[in-house]
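In what comes next, chain A is part of two complexes: it sits with chain B in the first one and with chain C in the second one.
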Partner chain A sequence: MEINLIILAVLVCSALWTVMARSLLRSGIALAFTSAVLSIIIFRLNSPLAAVFELSVCAGLISVLFVSTISLTTPLTHKEVLKHMKARLSRFWYLPLILAAAAILLSRIKIDLNLNLPAAETENDARYCLWHLRQVDLMGQIIILLAGAFAVVILFREARKNGR
Partner chain B sequence: MSNLLILVPFFSVILLSLIFRVKMKGAAFILGAALSVLQVYLAIFYSNAVWNNSPFLFSNFLKLNLVVDNLSRVMLLSIGIVSFVTVFAARYIIRDEGERFNFINLLLIILAGLNGIVLVRDIFSLYVFMEVVAVVSFILIAFNKDIRAFEGAYKYIVLSTVATVLMLTSIALLVLIAGSTEFSAVSQAIKNSPHGMFVMSAAGLFICGLFIKAGIIPFHGWLPDVYSEAPPPASILLAGIATKTVGIYTLIRLVSSVFCFDSRINYVLMFVGVVSIVVAALASLGQNDFKRMLAYSSISQVGYIVLGLGCGTPLGLAGCVFHLFNHSIFKSLLFVNAAAVEFKTGSRDMNKISGLASGMPITATTSVLAGLSAAGIPPLSGFWSKLIIIIALWGAGFYGYAVIAALASILTLAYILSMQRRVFFSKLPEGGQDIKEVGFTLALPALILGAITVGVGILFPFILNTFLSSFAFP
Partner chain C sequence: MDANALNIFWPFGLVIMMLFSIGIYCILATYNLIRALIGIELLIKAVTLLIIVVGYINGRTALTQGLVITLIVVEVVIIAVAMGVVLGIHSKNNSLDSRNIRNLKG
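On to the complex of A and B.
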């Protein structure tokens, strides 16, 4: 139980690091670390295949894509970053307080749903599900990747070419 | 055969990007227009049985499990028409050939995404294709790469992510109950589930996500910024069909086929619908930006669709689907007109532009037709769909909602006439004589959409006896 709580705390800290990091690159690395921690949680929940997916795709492949795209952007100067951070802190100082209050409140509430749910699907192998039962989702994801490629070309590469 | 509606646009983009990228960029325009026209033709003339027939390749190797019914065909028709109009608007407005090539590629990707939403019968697949549309919409909004467009795109992506989280949570809960993500299995499990509150929470989360995607009040914060700051062809596509398919079609499909018109959901829909109608119409009255006014008008019209759906009767469903089609046509037309005005005057401020009717007669005439249809003036298409919704509400005993819906048309008429008077029929300013009508490439879509608005209104008895009867009297 304690180890789960520690991993969850690390996950929250890592997620906060992702959104609070001063540079986009650090933010991208923090996101990869968050995905890696999440994959440990998924593994501990007895879903090793989903954990491997999370680790390889989200922590691995997506991070590589993020870093490649970030390399196409022009980073802010140190002075600009500090100004931006200060403005953000003055606007959203109350958000961590709300988060902490919500966490305390939720930990005190005990809901007993007493659900009678059907057993999880186990008869089909994950590979069979992916390649035979969810072909339409794979198709959709390939289209999303294509759209992502166009996003990089249109919003980053061509903007850079035009000096914007 | 319905698989082709996703595969053909997808492989067209691959073909264009690999073969025609360097030379013959003009092929993108021809391909985009041809695919849109083909979709319109097939949606009208091919029966559901033909659509659902799987050739050998699709029944053995690529099983996408897509289904076409009457509602899908109405949406496929609307998507085809608005895509065709957008291709022409892009050709006229985006002058740089490379940018236009990229825009039409994005249009083909979103076409695959929208068709996917309309054809799938699985809540997770639905979510995947909604994400396709969200990603492409984000790129389209930021297409011009100026700071205001990025601001609109950022707002859209943040709120879209919130919607995504709500919908994914809902899907997880529904899978717990049903053990499957197929519409039929989820619907059956909801009917038989002993956990009523749990099911309602899941349904509520999904519907809240769809409200955000559709920009319905009180989840409308992103919509006016996005519609007004996106480049004109992107505004036509987003306002005309993209948000309608993602938010409204999905809502109709889930409420009617999966949640089976639960009375608690219907009450929420009617309340949200009527609030959207009135509040957005009042907000429209106070706008000076042409496109912002149309954005609020769009929220108000969507309110009618949601109100008709919330009625929960077959007639209400027929009215809501009919108004969805009509709205996609007349709203696209109004955004085509806005694009023409912005292109010719360089402004969207209705205090600065006036008296354009003499120089731009086609734009002014089609704008009047679209505006009057939106206000529900007979015999235009919008009149009939609003009438069906009001009759359905009255017939179901929701007299108060019926009266508010009828009276709100006066508000619509007020902001539409105010806009027409200020932009087209007031005194021509000095130097305004130089403003001439847009070219054939942008006038043609306006004329086609105007003809559909008038034609659907005049041919209403035929439409009632053919496709509307399948919804109203199943």
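On to the complex of A and C.
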């Protein structure tokens, strides 16, 4: 449990690094690190298949998408970044205080959460569960992937037309 | 929920709420479109962790793994399409500042 607490603390620190990093590229790298730490936690919670997906897709593919998008856009100058950060801190200085107060309050209040999942058929294997019990999810995944592919194709076609 | 499950859940629950708050802060405090997407990513990570922890507490990790895999697929599609939109906006306005997008302003 202590190791879990340490990893959770690292997760929060890396998420803070993601948000507070000055450069967008560093934010993207920090996001990949956050995904990697999250995949360790998922693995430790007896979900190896989801951990592999998190590591390969979120820490890998999405980071590549972020880095390539950042490299295709014009970055702000150092002076502009500092100006934005100062403006951001002056506008939202109270949010970390609210967060800390909420954390203290929630740790003191005993909330009666009902985390019991509804009864389902026997499921010991994630593969069986995904392919036999959650077939509608798979159909939805296929439809969403096709919709995403069409959307990206249309977006880049429009961009090419505008470029001409 | 019994005391043992609560003992397992509370550190994760606290981190989930912190991740969610950090993501909300990231979306609220920035005008940069890519940073807003990073905030959405952090929100999705909080939800992923919540689903996995609930599955662990109930001993139903197979079901929650299936849900998380679906969630990750949806997440990738959302980010890919959003990146395309951001690139389109950048090529048109030469800026990632959300205040410069006034084309749809009524």
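One rule holds for everything that comes next: the second predicted complex is superposed on the first by the 110 of 164 C-alpha atoms of A that agree within 3 Å, B and C clash if a C-alpha of one lies under 4 Å from a C-alpha of the other, contacts with A are read in each partner's own complex, and residues count from 1 in each chain.
Throughout what follows, a contact is a pair of C-beta atoms (placed from the backbone, for glycine too) under 8 Å apart; a residue touches a chain by one contact, two chains touch by 3 or more.
None of these values were measured; they are calculated from a predicted model.
Once chain A of one complex is fitted onto chain A of the other, the partner contacts of A:Asp125 are limited to chain C, with no touch recorded for chain B.
By the touch criterion defined above, A:Ala50 lies against chain C but remains apart from chain B after alignment on the C-alpha atoms of chain A. When the two structures are aligned on the shared chain, A:Asp137 is found in touch with chain B and with chain C. Contacts of A:Ala102 after superposition on the shared chain: chain C is touched, whereas chain B is not.
The partner of chain A that touches more of its residues, comparing chain B with chain C, is C.
In the superposed model, A:Ala15 lies in contact with chain C only, and not with chain B. In the overlay built on the shared chain, the residue A:Gly148 is in contact with chain B and with chain C. When the two complexes are superposed on chain A, the residues of chain A that touch both chain B and chain C are 113, 115-117, 120, 134, 137, 140-141, 144, 147-148, 151, 155, 158-159. Interface residues of chain C, counted against chain A in their complex, comprise 1, 5-6, 9-15, 17-19, 21-23, 25-26, 28-32, 34-35, 37-39, 41-42, 45, 48-49, 52-58, 60-70, 72-81, 83-88, 90-92, 94-96.
Every residue of chain A that touches chain C in the complex is listed here, in rising order: 4-5, 8, 11-12, 15-16, 18-19, 24, 27-28, 31, 34-35, 38, 41-42, 45-47, 49-50, 53-54, 57-58, 61-62, 65-66, 69-70, 72-74, 84, 88, 91-92, 95-96, 99, 102-103, 106-107, 110, 112-117, 120, 123-126, 128-130, 133-134, 137, 140-141, 144-145, 147-148, 151-152, 155-156, 158-159, 162-163.
Across the complex, chain B is touched by residues 113, 115-121, 132, 134-137, 139-144, 146-148, 150-151, 153-155, 158-159, 164 of chain A. On the chain B side of its complex with chain A, the touching residues are 6-7, 10, 13-14, 62-66, 98, 102, 105-106, 109, 112-113, 116, 120, 122, 124-125, 128-129, 131-132, 135-136, 138-139, 142-143, 145, 176-180, 194-195, 198.
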